[in-house]
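A, B, C and D label the chains in the order they appear, each numbered from 1.
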């Protein structure tokens, strides 16, 4: 008997996340229900609920999992595991329902932009390019470089990662050829495990004070809101670069803006407290920052790899194998995230 | 008897290229002559000529090597081997005088900027940053991206390298984690050798027509002036990125400028036919380009690694070992370069 | 309140698996119960059952998990997950009890012996060494080599892996520098996943017929007993090497013995249908085999890494983090293994 | 005008070193003279001498290079650069005649056997296999292991390399996945260079006393005969493994034999003071040794890669490119080797 899969990706669009052949792979192993871009309506959902084995969805809006007696997996395609208030994880775990997240699909693209932003800051690519347009003297044999601090390479530098989840795992191979020493602050992971991975566990203050490049990669949680306060920002060295990649949630953005306008250190920013950030927000005038408009994961390739991972894991689930591509919702993680 | 080394780095400054400990290492193995920032004058040079074993210099301005009967090595610190009209390579090679170039010192820094420029173009970092300043709508869910072509990642893309010398060797490890397929055009290297290195030899037209990212890395020579003509530029795909890193010499820069202003493809440019490029040069208005002011190798770290390589090879030469860090002037190379 | 951990490693000995500092790490995070080399007796177990949070044991002999109301993890140190007839996995999964296996501790040591055996066979190290002892002419310029087929290197060869679990994951980095093409037969894993890992999924017959070196790495299960039959063995090329590493269970050992005595191909064997294998078993006379006495994982270092993994994951579990070192019992795996 | 190449490979046989397509590649770029397995006779050599551009030969027996006015390269296919008494290197270097050696062809195969021998010793593969044949109890749970010291893995061990030439360069990638710390003794290379390569320069005594696995890789020279004396051998730890790979020349072989018979440490030996070693030489009884009959480089694949390298570099030389595959005879090296 075919495995019955509800394909209800909204707010994602089918075409955005699925290449044609990934969609075909899904249809080859599963009996697909719905499969349209708008959310399934409640009546239709109720009608198929007793038969559903797997639900693929952009956000959990399907009620309590107990209404799906055959359910054994939920695959989310939005980018974040459903919050605890929306989904009863305890019920899922006590009924053998796997909850799988698509965050790994975004890792490579986000990590690549992270490296690109770090290089654009350290090597002053953004500033130099702007100077070409405004006619400022910006040639290398002039005093240009010193106004914004010297350009530097990543080779052999101390790099600090705030957060050591999937983004960090995707970033590490990109940094590997530069031979950086890597320090990590991540309270959700034991120091022992970090050392086994070849990185040095650091407390947050030490990381901020000693890293030449700091990547903010932490998943937002109830416990890390504005983790990087004004005082913490003041620990950052004047020749350092801060790359804000995961979420503005974890930083005091006003304090960051002040420091960048004052030229305290350099930064590259992809996320903001509100998006789009206001036209008159002072961060737009920060000469010492490279500004990016939440483009780390928002691109065709990353979105299509969501669909590829979903198709891969559906292939596994529908044929009795262990799904290995998406991220398993771990109870500790769900708990901490709040 | 101590080895006598003329240290005459001009146009480089001693402090620019030598860290304190590298200078100390040289003094520990050699009897250093001169060692000042201005060029040695002819009288003093004539006086020490009979005793010199090794000459370290920013450019060859010391006459015919036959005036140095004990000479066995010339180490240049300018960045390019002396041209044939300045130095008699045949005499050097028939008298066991090694000619060593410091170009490898710049490889890592140049390759890093090359990667940074490629990412800034492919991921539209430069354009997005500029849009923040001018107040253009540039958020990812708008139509912004499509105006300049879609953003793309380097993962798995076809990359073309024009030139497979030291810069390519430094660039390859940085590209490795992206899993790119690499094609190479380099008429100075056999196809067999390229295949042994795991890259695919391509003719220039095929490389230009099929690569998503094209790195121009060729050393300028008499035979490759304006190698990349207007017609060649027209082969480049509309979704491709051209990174001009080694020399403007190899490209028809006016034709490139026209195509960038017309939005034919994207580019990142670090070198120009004249530097600084004129304030009114149209390239400064090219939206589809990331512009950099010959900053690939011109930075403190790269310059200091010139001195480190020189110190390393002087250590070897003064103690009877093979110098292994600098680039050996090969007769075929000298000949081809003209 | 401290986490209560039953440390009941029998049949393993505490000293065998725990380095002093690993034991200290456990005591630092947990309230350890028992901790002796003999199995805990039933009375004492009954007394502490209500309070146990975690059980570390060499084999599951502790009854139904429902007797431990607080239990949330079982860590086995024997090397294999408990069979379904001993442990109620359904109960565990529906009550949030993680079952973790220590098999990953053995991966590196087993993979290393696998590589060593492959080299000893392909390069005829075993045979040559024996010939030195018996006084046979064995010098390389004699006809010696041809009698047992030519010696060959691993570089660039086609390698077949039967089973792509933890052992394969440990073996792959050791093979990487040899540039082998790797084919895999593993019915528990989707072809898609194998291709994502950069290996080629093959059916068993094709793998046997086309590989120059074949590694048998499959975990024994009810479905793969004598998987490699006499007919399958006849597919193996005469210049190939078979490395039997995981279990004799998966192969028709008598058929293998016959073929080795007949010189059909070469082999290296670490596991036998009965161990120790009988003194008069004909396999002991197989000239074309390298024989090893189940020594792949049975060594001090591998056993101590069992304890290190246990300590690592206890550190995580006792401090609210996700355990990341041991192997999670997946429902599909438990089911298939029978 | 075609490049004229004397192909006079004796003592090598054409078929031994050249695959058909490598031979074809040579004929495609060069006008080949001779090309037979016996050495060219003097009359014929004299007749073609004035026209020869390149000589490929198994040993230099062609007189003074001055008799070949057009000569610009000598490619040796024997495995060792001609000794100074046979070839006038000064003349070659002052007349632009490159002398190229084929030693790099053997690097990978020799390194692989080195790793195989190290594993066979550390993991006791040789001894265990022998015990199977003699019916000795050799099962892992018996006391067997302790009689010859414990088995150990290479992971994370201190490894010492005596000699850091081509063999070491081929061995390093094979060791890389084991995460060994690598110390090197090589008086021909500066400490600085060794550190740049990521290895630690050590004096010979420290290397012997602290390494768990010692690889003897040094090229024999006048200055390193019996470098490893009886006293030096006494520095080796009782739990260490010595792998003698390059030449017996560098070791006091009698002292080594004594120590192995006494069970002082373990060893693997591929080279001997006389080959074949006598039937009654006591080393044949050394239980603690793995014995190999100079088989590191003597195999079909390594010999064929001699031909491949020669064809590659002839392609380069005949088309005006720099030869990059064979080893350039460096003056310091020629001098030191004597």
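Note that in this section contacts are C-beta pairs under 8 Å (C-beta built on N, C-alpha and C of every residue); 3 or more make two chains touch, one makes a residue touch a chain.
On a predicted model such as this, the values are computed, not experimentally measured, just so you know.
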| item | value |
| --- | --- |
| Farthest chain relative to chain A (centres taken as mean CA coordinates) | D |
| Chain centre separation in whole Å, for chain D relative to chain C (CA means) | 36 |
| Inter-centroid spacing, chain D versus chain A (mean Cα positions, whole Å) | 50 |
| Shared-contact residues (touching 2 or more other chains) in chain D | none |
| Pairs of chains found to touch, sorted by chain label | A-B, A-C, B-D, C-D |
| List of chain D residues in touch with chain C within their complex | 108-109, 112-113, 115-117, 119-120, 123-126, 128-133, 135, 137-141, 144-145, 150-155, 173-174, 176-178, 275-276, 279, 284-285, 290-295, 298-302 |
| Of all residues in chain A, those that touch chain C in their complex | 25, 90, 93-96, 188-190, 192-193, 196, 311-312, 315-316, 319-322, 324-325, 330-333, 335-336 |
